[in-house]
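Note that the chains take the letters A, B and C in the order they are written out, and that residue 1 is the start of every chain.
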Amino acid sequence: MTTSTKTDTLLLWVFALATLFGPIILAPFGAGYPDLLQKFAIFGIFAIGFNLLFGLTGYLSFGHAAFLGVGSYTAVWSFKLLSMNPIPAIILATLLGGLFALVIGFITLRRAGIYFSILTLAFAQMSYNLAYSVLTPITNGETGLQLDQADPRLLDTAFGIEYGAALPVSSLFGLDMNQTWTWDFMGWEIQLNAGFYVCAVVLILCFWIAMRIFRSPFGMMLKAVKSNQNRMNYTGLNTRPYTLAAFVISGCYAGLAGGLMAVTDPLAGAERMQWTASGEVVLMTILGGTGTLLGPVLGAGAIKYMEQIFSAFNKPELLDFFSFLPTAIAEPLVSVLALFVGEGWHLTLGVMFMLIVIFLPGGLMEGFNRILGLFNRRRGAAGKHPAKTPAAAE
Amino acid sequence: MDVILLQLLNGLDKGGAYALIALGLTLIFGTLGVVNFAHGALFMLGAFCAVSLSAFMGLEKVTIDETQMTAWGTPLEVRTPYIVDWFGSAGEFMLDFSVPLSILLAIPVMLLVGLIMERGLIKHFYKRAHADQILVTFGLAIVLQELVKAQFGANPLPQPAPETLSGAADIGMALGFDPHTVVYPYWRLVYFAFAAVVIAAVFAFLQFTTFGMVVRAGMADRETVGLLGIDIDRRFTIVFGIAAVVAGLAGVMYTPILPPDYHMGMDFLVLSFVVVVVGGMGSLGGAVLAGFLLGILQSFASMNEIKSILPGIDQIIIYLVAIVILLLRPRGLLGRKGVMET
Amino acid sequence: MGILEVQNVNKRFGGLKALHEVNLTVEEGTVHAIIGPNGAGKSTLLNCFVGRLKPDTGSVVFNGTSLLGLKPHEINQAGVSRVFQTPEIFGNLSCFENVMIPAFARRDGSFTLNAVSRLSGERSIQEKAMHMLEDLNMGDKAGVQADQLSRGDKRRLELAMCLVQEPKLLLLDEPTAGMSRGDTNTTVELLRTIASRGITMVVIEHDMHVVFSLAQKITVLAQGTPIAEGLPQDIKGDPRVQEAYLGGAHL
């Protein structure tokens, strides 16, 4: 019993350290710059939250981007009306994301299976359409919601904080979110960015909460929802509030992620609510490993990293890369590969989506476990299969 | 009155497209038990069959007319499509009718696409969870639309209706209203008629052929049909092919109404799923009924009179209807009890 | 006054009279068997007890409160647990978790957002669940994923899940269906032990051997209506029962 608690504490420490030292660890991979690191953290939070719903209860939502968008809009409004401090922004974004999830979940959770997926998709598309049309006074339509020097910022004014003529940046008690310290470390340029560290602290907190939920009676009930709702009812449990609670919690995570997006870049657009964004978080979760703790963060990281690499490449670079091959081979090879890079990154994404679902439904985590299992068998530890479900404490 | 008639008519062509896509979706779901998120991509592929054919027929032969000079003093380049060069006025006719002619191209192409898709991918997902089916076909949809984007670019490519059909009919005058009150483009009438014919053909096929009988029996009770020793799998492949062709044809004929671009499939997919759900999962009649119903509703919602009372209603009416229907009557308008009611 | 009082229950499915004027009293602390030929309405009746079906007319009163219109989870919370014909368990959870869930449901009610405490800290629930598993000789299977169990073990697990709730009434739908003779005997022994602890049970069963070795009272249903009720030895000799149930053959 104490062993499982110890493993968890260890996991949390490793996770926290890896996150905080991210800028240093990832620098050799060319991923150590603030923009990408922030994306890792933000989408990590988004995916952890999505996994709390999909991974535990099995309810596949195709509309989570709506909550992300709501979070972004809320945060920008908080900057405009209240203060450039990120704390009220992310708190409000989380709350409003959760509130939206409460309303939408209350309706959509009456149905399960594909009906639920389609209903959530319909709600997300509806929000997206509204954001572009009627809600323009709130969302500023296609242009997206932006900051303005003339914004009231009541709290800031009350505390006498002035931003002068320049467009204000979000700032945590004077620490500007876009501030970056760089230093040279063994030949790599390490960039420590204030915005990233805000995201990182929130990510660690979110990971810890998710871990507690996984290990709690509530988490077990959510797994039971996925397993057998019929039995749950005849065991005296009401499944609806459990699913609704999971939906709201994951809506809060999405709102929070959306809020952080606005903290790092104070701009909100309706495209964040599109179904492609909902699809992306699904992919992150299944790529990493649905229902695992660490999987969604890994999936989010893997996808954002690949996005960065694949979209940076272009045809001339590829030709350059394959210049060692004879032209007759290099030319057709490059023209095929060129489909997948640069603008064609989404094609790679689609192909990956299919490959994962077909060959590795358990995602990266299952892949790691399989490799570990192979090693264990090699070492003759036969009969000791890695337990699929960690037997909850003995 | 005339306004109502006009909106009714306006809803028909969109409703026709929804009905055709939803018909295929529900057919696939009812027989194969598969949720196909790539069905919108099939609609889009159909539209791009029309784009390809007209691009192909538009290939031009360049000749230089030495007798005429351009303003810059160079010999005039005369561009004639090969097809006109070879077939004369018949060629011009073919060029003009490239959209309807694309049907001939789209049928074999979409059938082939459908068969490859079913045999190569969908087949392996019969026994897997619906979530997995949704995810893999969702991935496929992205792949298909990105391939089209790589080939044809991201911008919409307008396809003209044939010259003779590009005008508009003053239907109102024929019905005794004032002239110019109910003016309706011919092509939309053509589209509605076309959709009606295709729907009728699918229903006739399922109703009057032995093959159709087995398929319907399979929709009702798949296990029993399997137990009868009927090779249901091969038939399912063909059903998938048919559904692909129907979606493709819907796309071909829709190109003069909506210039096709690579993401039109997804836009229509979401709406078509809503149509299927409203009609009742696995109900063919329900899909058609709901398709037209929602098309017409959407058209009414976009009237200025209504928009001024309920701003934005045209954007969300379909979703609203779907939500209300799903809550009040979970199995949809014509759905049978017990289909996907978990 | 019995613990379960069923009065004038009628249920129709379209033109089919599934239940017709069913009256039944289950006495507290007894094992009451409901037998009858296929299609006699036994399962329909059981479904009316647990809220899966609602009778068209009549009343079902458990422990003084009406069960009509209550949802399955409310009926369970009132103290009725059910074992299904094909075991309903949480297939992708461990046996231990399978038994902990009903234990939580009994302690915390139909919903609690208990995300703060750790499973590993819930000593009393853990002990209760483990004790229950050991009680049914499944202690060694605590860590096994439930859908990896043999059929017989799945049934025992489901029984453990019901018993850990300390139900006032336990409903069993053909608890030995599809079992070997040996497994059947083990199960009967197990059920007798449970019955001896004073838990009221209603059993639907085909196997006459099981019925006569368990039940203190038997109700015979035929075509949706009770045709006889009484002690096992009375039922055994009742000609009407033999006629309806066995087509005249002797027991």
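Going forward, a residue touches a chain if its C-beta (ideal position, glycine included) is under 8 Å from a C-beta of that chain, and two chains touch if they have at least 3 such contacts.
Source: prediction; values computed, not measured.
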What is the graph distance from chain B to chain C, where chains are linked when they touch?
2
Most distant chain from chain A, judged by the mean position of its C-alpha atoms:
C
Whose C-alpha centre lies nearest the centre of all protein C-alpha atoms?
A
Quick one: report the Å distance separating chain B from chain C, using the average Cα coordinate of each chain.
53
Express in whole angstrom the distance between the two chain centres, defined as the mean CA positions of chain A and chain C.
46
Could you put a whole-Å number on the gap between the CA centroids of chain A and chain B?
35
For chain A, residue numbers touching 2 or more other chains are none
What residues on chain C touch chain A, complex-wise?
50, 71-73, 76-77, 81-82, 84, 88-94, 96-97, 100-102, 104-106, 108-120, 122, 125-126, 142-143, 145, 161, 165
Give the list of chain A residues in touch with chain C in this complex.
1-2, 4-5, 212-213, 215-221, 223-224, 226-228, 230-238, 241-242, 245, 387-389, 391-394
Can you tell me which positions in chain B touch chain A when the two form their complex?
35, 121, 124, 130-132, 134-136, 138-143, 146-147, 149-150, 266, 270, 273-274, 277, 281, 311-312, 315-316, 319-320, 322-323, 326-327, 330, 340, 342
In the complex of these two chains, what residues of chain A are touching chain B?
58, 60, 62, 107, 110-115, 117-119, 121-123, 125-126, 129-130, 132-135, 229, 275, 279, 282, 286, 339, 343-344, 346-347, 349-354, 357-358, 361
